[in-house]
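Alright, structures below, take your time with them.
Across the two complexes that follow, chain A remains constant while its partner is chain B and subsequently chain C.
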Partner chain A sequence: MNTSTFSADPSRGKAAEPAKTFILPDKCFKKNVGCAWGRGNKFTIYPRSQTVNKTTTNTKTDDKLLNTRQDILLFTPILRKLVNESNGTYLSLQKAAEAAKVSDNQVEFLKLSRQFRSIIRVCIENLQDAATNEGNGIEKNNLLSYITIFYSIECIWHLCEIMYIDSVPGDIVLPYLLEWVRFHFPCHEQTAARLLDACERGSEEQEDYWDTVLGMVVQGRVDVARALLKLHSATESNEFKLVDNSLRSMPVYSVYGGISTGEFTISWKHWQAECRSKLSSRVLASQPKLELIMRIIIGDYSAFESIRSKYSSWFDILGGWVMFTAPWARRHELGGAAAACAGMAPAPRSHLDDMVRALLEGDLHQVIHEIQQISDNGWFATHLTDILFHCGKLSIMDKHQTNVTSRLRDSLILEYGCLLMEHKSLWSVGLSYLASCPPEGLRRAELILERMPVETEAKAMRIIAEAKKYGLVGVAQSVCSCMCARHLSGGRLGGALCWAMRGRSGAAASRAAHAALRHYTAHAALPAQDLLLTAGSAMLLSDTLLFLGKYCDFHRLYKTREFKKAAQLLVSLITSKIAPEYFWETLLLDTLPLLESDEPVFTSNDTYEIMLCLELRSSTLDGEKADLLRLALARNLARTALAEGDGVDAPQ
Partner chain B sequence: MITVLNTIDTGHEDMIHDAELDYYGLRLATCSSDNSVKIYDIKSGTQTLAADLKGHFGPVWQVAWAHPKYGNLLASCSYDRKVIIWKESGEWTKLYEYTGHESSVNSIAWAPAEYGLILACCSSDGSVSIITYSQDGGNWDVKKIPGAHAIGVNSVSWCPAISADLNLDPLSNKEASKRIVTGGCDNLIKIWRETGDQWVEENRLEMHMDWVRDVAWAPSLGLQRSMIASCSQDKRVVIWTSDDNVSWTPTILNTFDDVVWSVSWSLTGNILAVSGGDNKVSLWREGSDGQWLCISEVAKGLGQTPNDERSTL
Partner chain C sequence: MPLEVQGTFVSQKISKIRWIAEDYVETKCFFTGSWDDDVNSVKVWTFESPHEEDEVEYPRQLSEYPVDGDVTEIKFTEKNKIAVSLSNGDVKVLEVSVYEKASPLREVFHWKKLHNYGEEPCSCTSLDTLEGDIATIGEDGNVNILSGRRGEVMHSIKGADSCSLHSICFIKHNEVITGNIRGHMKIWDLRSTNNKPAASFLLAGDELAATCIIHHPTQPHIILAGSESGSLAVWDLRMNQFPTSLVNAHAMGVSEMQFHPENPHKLLTCSISGELWDWNMEAMTKSSKGQDNQVTWMPLEDKKAMMVNSLIPTLHKPINSLHCDKGRILCGADNEAVYLIKNFKY
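After this line comes the complex of A and B, so read on.
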């Protein structure tokens, strides 16, 4: 399950969330209940009884087993692209982090962070297209809820990037914050563009004229606001000129502007004091809308409060609030502004609120805790935590003040990797995450990889190739052994031998070779002769396999009528005594045709050896066969002794 | 959200005592008081009865799948004092029947595949048997621990091969000693180690105040830590941890409302499933601070599964 390993720190006054209870159809549990694990998030719930029925009536129970699985949103086909593409960026990030150990690599991190954001953007666009084309109501709802999820993710990621990954000149965050607000909470933008396009005097006739002007002021688009004011029929009046003048003369800070923050602060405060005095002179009393604009640009809390209800969230006015109260604010100084804006209206707190608040307060631990609650199966938490970790921006202490940052990062990646490994085609992606988290990641990969269902030989080869890529030799061997066993139980001995040799497993090779030899004793046919004759050093995996290979070679020699060589090989097989017990009969009887060949092929010494073995193993042959063999041996001894008798070393 | 993939109507004529998914999670074996063992193929959302194994003459308590590198093998143990090892080659047949116990055989567990084909069995006669298949002879060799727990042994579990000797490098140390953990009616948990051709008691863990019902050694994640979960009729679940497999520290996971019958670790050992007399399965995991948290519960209910949790954030 992709549930957080990290509980909320109790000292934060937030108890661990109560566990979710899943209710299952009740029919299955009249008695007790048990759980059998499958791979990953699959398990089977069954009615587990610990006792025996006391009553003797053997009534058939209505018991059912439930095969259950955790729902994984990321496995929705439309999100496949997100998973795959973010994997590529993740892997680049790991490389960049490796490089960052020797040199600063913040620029690269920023680039990758943007890459993640553009992946999210594409994902949202795909979801939007799909939602538009979806006819089924339930499916459409699902897609819309995914869109909500990824909107929030995009929004938080962008803010995180500003706060922790981007390099902000002079640490003056305002321009970035305004950009964030404009991008994620666009409001009145289209109306403003329409009004400006039309360029008609008297635009105030349009009902959302003033909302648009205010919206532009609050988003810090002062120029647009001024241009809109020019469209008002009374724009030539003194009141309008005064406001326009105030907006125009607002000092804007720029790091490269050549003035220090101190100087800027002084001139900005001076400007605001002027605005304030104009306001208190009541010259604008006849134009309440203009008065409101002035009150906003002097940072009047009640003015902001009065317009808050026009926006769906407090994020919309955050930029304006910072702009007109503390434009010099640095990144770590935004907590107060967030609190002020959030407090303007008694709106119910949403999850997104909590995340943005925690982020602006600089409480990354809380941010990560919150984003783990998003139902994206940890995609966001994993990737964001990882990039923040590599940027060196994450420092999380547990209650004993030990730094658990890397453990947090690792645990998220491990969970995410394991999750993907369950999927029938995303498993190799999951593997790449696990491999980036040694040693535990590789061990987990090993456990899961070994249990990947192997439907075909090709799949087996694929698993082996992936395992070898990460040095998991044990997995490769285990898969080969299992394939070998499968072929064996299906009676496909050639396949079994092939897999045993591929896995270089001695035990599996022995099992397969034994099966082949037994098969030969019963059916007089050898499997996979080509393989056995060309296997080379793989034959050394087991004595039985070696024996099988040599025996196969004997058959080849015999077939090509190289009787002398065949006989020599057979004698060496007999004398080396590595033949399994059940194979002696076959081996001894194989000497018969050679003993009776026209030309003698066994020397008298060979014949003695065979005789000795025959007498030692006579129990393996039935009497008639043994007698037949004895006769043949005696005859061969006679003719070879005669022939050799002419030589020097006749047997004594 | 948890989705029910499929429902399997077992057709058992009496109560089910155990269900076990095979190595790949594609087959499910169940056993019952109706003396039978059944095997279902549960590929791709459908299920078919693959075998109905009849060979026991009493309630069958537990089933266990062997590693597939030994072929398709399933062991079952029963009240009839027998352990049967079933093999599939074409169809399922009895490969071996072990009758060395004098009372009900309560629990069985295959050793880590690295060690070979070895099965541990424990019985109400108080003893534990370790039966080993020998490849060359094609026969089964039996070693017995008599009087392992007074009154009876309820559960047995193997130490993973990789963590058998924590202070040794597992890769270079193939000869690491084998260990098992057992839980019994004497309220004790005992750890046994193979030394030479004997199994000796290495440790006894005392904490439970009533019969120990189940013990489960956690899969190893390559870390220098071993973990055992135990549960008991005293309604408690205890997690035992060790850095060296010699000294063990207990942590009480939770005290439940009813007797706890079984504990089982997920494949990668990160989640512990606990089930008992309260008709619930609860899933637990360890937080970074060593605290155990219940992350989910599965309970019986009135039918419908709520579908609103998925919504947005």
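After this line comes the complex of A and C, so read on.
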């Protein structure tokens, strides 16, 4: 454990620029405080007295411990669903990546990316439901801010998917970009649907009619815009027919359309020149709204600038801008369009703006840097970086121009995995992240797993199973030793023996076996007989354990009145000399009843052996017992020597 | 109709899941017990469609009953009463209202620290029920027989095992079988008072825990046990102490088994490795008749091909519990989700 005292030096605070300062709330912290790290991102602050010996009990009464930990967004119940569900997709992605090493797997990656997005969508839905049902104002605000966070995450992910994961035919990104705009800014589409449903002539009476028409043009929904224009009361006029004709005749590029990009560019430019000439002929002067539409479709910057204020962000007009200025734009050519759209209004740059700009400029390093600032505890940065890494689209250089892509990915995953391992329930999720980043992830996992609180055997068995799954044999053994020690200190010898055998630990097995033997010498009852009589090869873990097992077997034989076998076993235990010192008395005295049995069960040789051991270890027995044993030995020797001398049924 | 799998995330690791039986109508409600969370609970859920026209049904939480420690087992003592064992050593009998499932669970009986190491807490690892009687086991190695009707401890076997017990099953009214952490199985005659097992044998030579025990629904002398190693052992208690079959099945420990309540040839098992399997046991019983025309279970070497199907794609996390009612199987897993499998053919 690591302890340190806070210094009260103000100059240090200035130099390091503390991000946040907390005032310790209680007066017991006024003098000196200490701090100790706990498991994960946790530490405890405690009052620390410099004069340990002099403090008396009266000051101790108001001492307090202050547990401090980071409040983690992902640990709220709704977001735990996100954590768990995305973990499944993440693990599938790792498998797909493994498979992609031998064959191209881009389709699978796209599928998984969509799965991630649908998980985020579900999460947003859950948050929305919770927010509508929440009565508490503060809680509601929290939920709404989570919604904003995950909404922008989904928005960025979708754009990333278009730019890097999806396979775009011919790299012509426009249709995908329009889809993205439509998907994330659906308000005009909804109004358009309402207007078209009503299908009333003279819809221009509705106040949002023109906004909707413009919105549809800007989103590239030319057909919808035309249908809306048909609802105008003056739709039969020449001006309307002219605009409708221009919109209808707009060339649309398709990779499979059978014409080359060059050919398309010529026809498209031709069409736009035609539109421009119509505009300059001033035939539309009486209809300023139609004029605006024409100016937009010729890609007039000032026209876009004039409508920019109607939209909350520049993303809405991005699709339209690309469509009417450079519909042949490829994925990596969007930077200019983004700059143009973003520059149309002097709005303050939001975080989302920065991320979208960086993404369109193709600066993934910047994108990842930005998304790390999102307060989702690294969920987004980790998963997005990982999928981009596996798609082979990520290549990040440090200032020395060395490729640090895989290090970046690993560091994000390690960070995220460690964060989850702090949680009581999500530790197994965290472990699967750490395990996907060998070798460092597994080393970290080892350190954290060894420190996990283990309340029940069920949990211990689960930790061991998980550890073994990832080959962390050391963790499995240390958990077993820990359980063994716990049972031992509680005097539960069966449990201790069992966990020692599980962990295959010779030292632990010896300790437990010694405890069992000492228990027998003190209480004359062998513990855990059911275990000892059925244990298999695990008995070979330690000499003491083997001795204990054999000794237990001796008891069994004796109880079942198989005296000869019992005697043989006892002699072999005595002569093998593996018995611990404190157990010799018991062992030697155990021969007494067998020596006195009606039928002789020890041979003369056996008797000599026992005599030898008795004399060598006479100090372990007190005089009276030793004399008694000597007498019995002498009598047995007399019996057996005579019988063996006769050569009649000498005991073998 | 094809098998349909539908998962719902519930923000708690599920240790036990149980359908609540209904008369005459399809079961809709179920219990879950959670484990390994800061605060665990027993919850009642119902399946319902959020929109009238929707075919898909999602579980919605009806009530929550927080408990201390982990929920280690849930079994019914009566139609609407469950016995719940907890890792703090307590056992509770809870009642759900027949008419209003959403009303909070009512505590009928509560045995505090039924299993203990003196002052120290000790987990009550499992229980089994038979006609209102409850048999509980714990890490302390004791067996307790409780009356779920009168709320008293009728019998207890102290020191039934020197290690912790992990699985128990009623064979008859007066006989239970227990399995410990080393796979040591013991049969106890509850009428005897000498604290000695009537029989004992080992599950396998690997000294791994017996994680669950069940008996065959129509032939109660056939006992099945799942091991921590993922293998499945079958005993015919009339024959001998050695398993008639020991099948290497799942990749990791078997967490729960259930014979289909309406078709005793169907066995369902789930495992720590995240698998949910459906076994066709017909081949094991049918093809061999003993001398006196008694059905015997096939010995190991005769068994050619066991019919085993995987019901869901292998999860990345352990499946802890399953419960089957007609063609609908529920399972609860460590990825904090419950799964409903519909249109299961039995």
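Everything that follows uses one rule, which is that the second predicted complex is superposed on the first by the 595 of 652 C-alpha atoms of A that agree within 3 Å, B and C clash if a C-alpha of one lies under 4 Å from a C-alpha of the other, contacts with A are read in each partner's own complex, and residues count from 1 in each chain.
Keep in mind that, in the parts below, a residue touches a chain if its C-beta (ideal position, glycine included) is under 8 Å from a C-beta of that chain, and two chains touch if they have at least 3 such contacts.
None of these values were measured; they are calculated from a predicted model.
A.B. asks: Looking at the overlay, does A:R511 come into contact with chain B only (first), chain C only (second), both, or neither?
C.D. replies: After superposing on A, A:R511 lies in contact with chain B but is clear of chain C.
A.B. asks: With the two structures laid over each other on chain A, which partner does A:Q529 touch: chain B (first), chain C (second), both, or neither?
C.D. replies: A:Q529 sits against chain C, while chain B stays out of touch.
A.B. asks: Taking the superposition as given, does A:W37 touch the first partner, chain B, the second, chain C, both, or neither?
C.D. replies: A:W37 sits against chain B, while chain C stays out of touch.
A.B. asks: Using the superposition on chain A described above, determine whether A:I45 touches chain B (first), chain C (second), both, or neither.
C.D. replies: After superposition on chain A, A:I45 lies in contact with chain B alone.
A.B. asks: Using the touch definition from the top, say if A:E457 reaches chain B (first), chain C (second), both or neither.
C.D. replies: In the superposition, A:E457 contacts chain C only.
A.B. asks: Would you check which partner chain A:K101 touches, where first means chain B only, second means chain C only, and both and neither mean what they say?
C.D. replies: neither
A.B. asks: Based on the superposed arrangement, let me know which partner A:L447 touches: chain B (first), chain C (second), both, or neither?
C.D. replies: first
A.B. asks: Which partner, once the models are overlaid, touches more of chain A's residues, chain C or chain B?
C.D. replies: Counting residues of chain A touched by each partner, the higher count goes to B.
A.B. asks: Overlap of the chain B and chain C footprints on chain A, residue-wise?
C.D. replies: Shared contact residues on chain A (touching chain B in one complex, chain C in the other): 490.
A.B. asks: Any idea which chain A residues touch chain C in the complex?
C.D. replies: 77-78, 80-81, 84-85, 87-88, 91, 424-425, 428-429, 432, 455-459, 461-462, 465, 469, 490, 492-495, 497-498, 501-502, 527-531, 534-536, 538
A.B. asks: Over in the complex, which chain C residues touch chain A? Could you list them?
C.D. replies: Touching chain A from chain C are residues 9-13, 35-38, 69-70, 72, 87, 117, 120, 123, 125, 139, 141, 161-164, 166, 181-182, 184, 186, 200, 202, 205, 207, 209, 228, 252-253, 272, 315-318, 334-337.
A.B. asks: Can you check the complex and tell me which residues of chain A touch chain B?
C.D. replies: 1, 3, 5-7, 16, 19-26, 28-29, 31-40, 42-53, 58, 60-61, 63-71, 73, 142, 145, 148-149, 152, 350-352, 373-375, 398-400, 404, 407-408, 411, 415, 418, 439-440, 442-444, 447-448, 450-454, 478, 481-482, 484-486, 488-491, 507-508, 510-511
A.B. asks: Name, in rising order, each residue of chain B that touches chain A in their complex.
C.D. replies: So the residues of chain B in touch with chain A come to 1-10, 12-21, 23-26, 28, 30, 33-34, 42, 47, 59, 67-72, 79, 88-90, 113, 135, 162, 213, 219-223, 261-262, 264-268, 270-271, 273, 275-277, 279-283, 285-289, 291, 293-306, 309-313.
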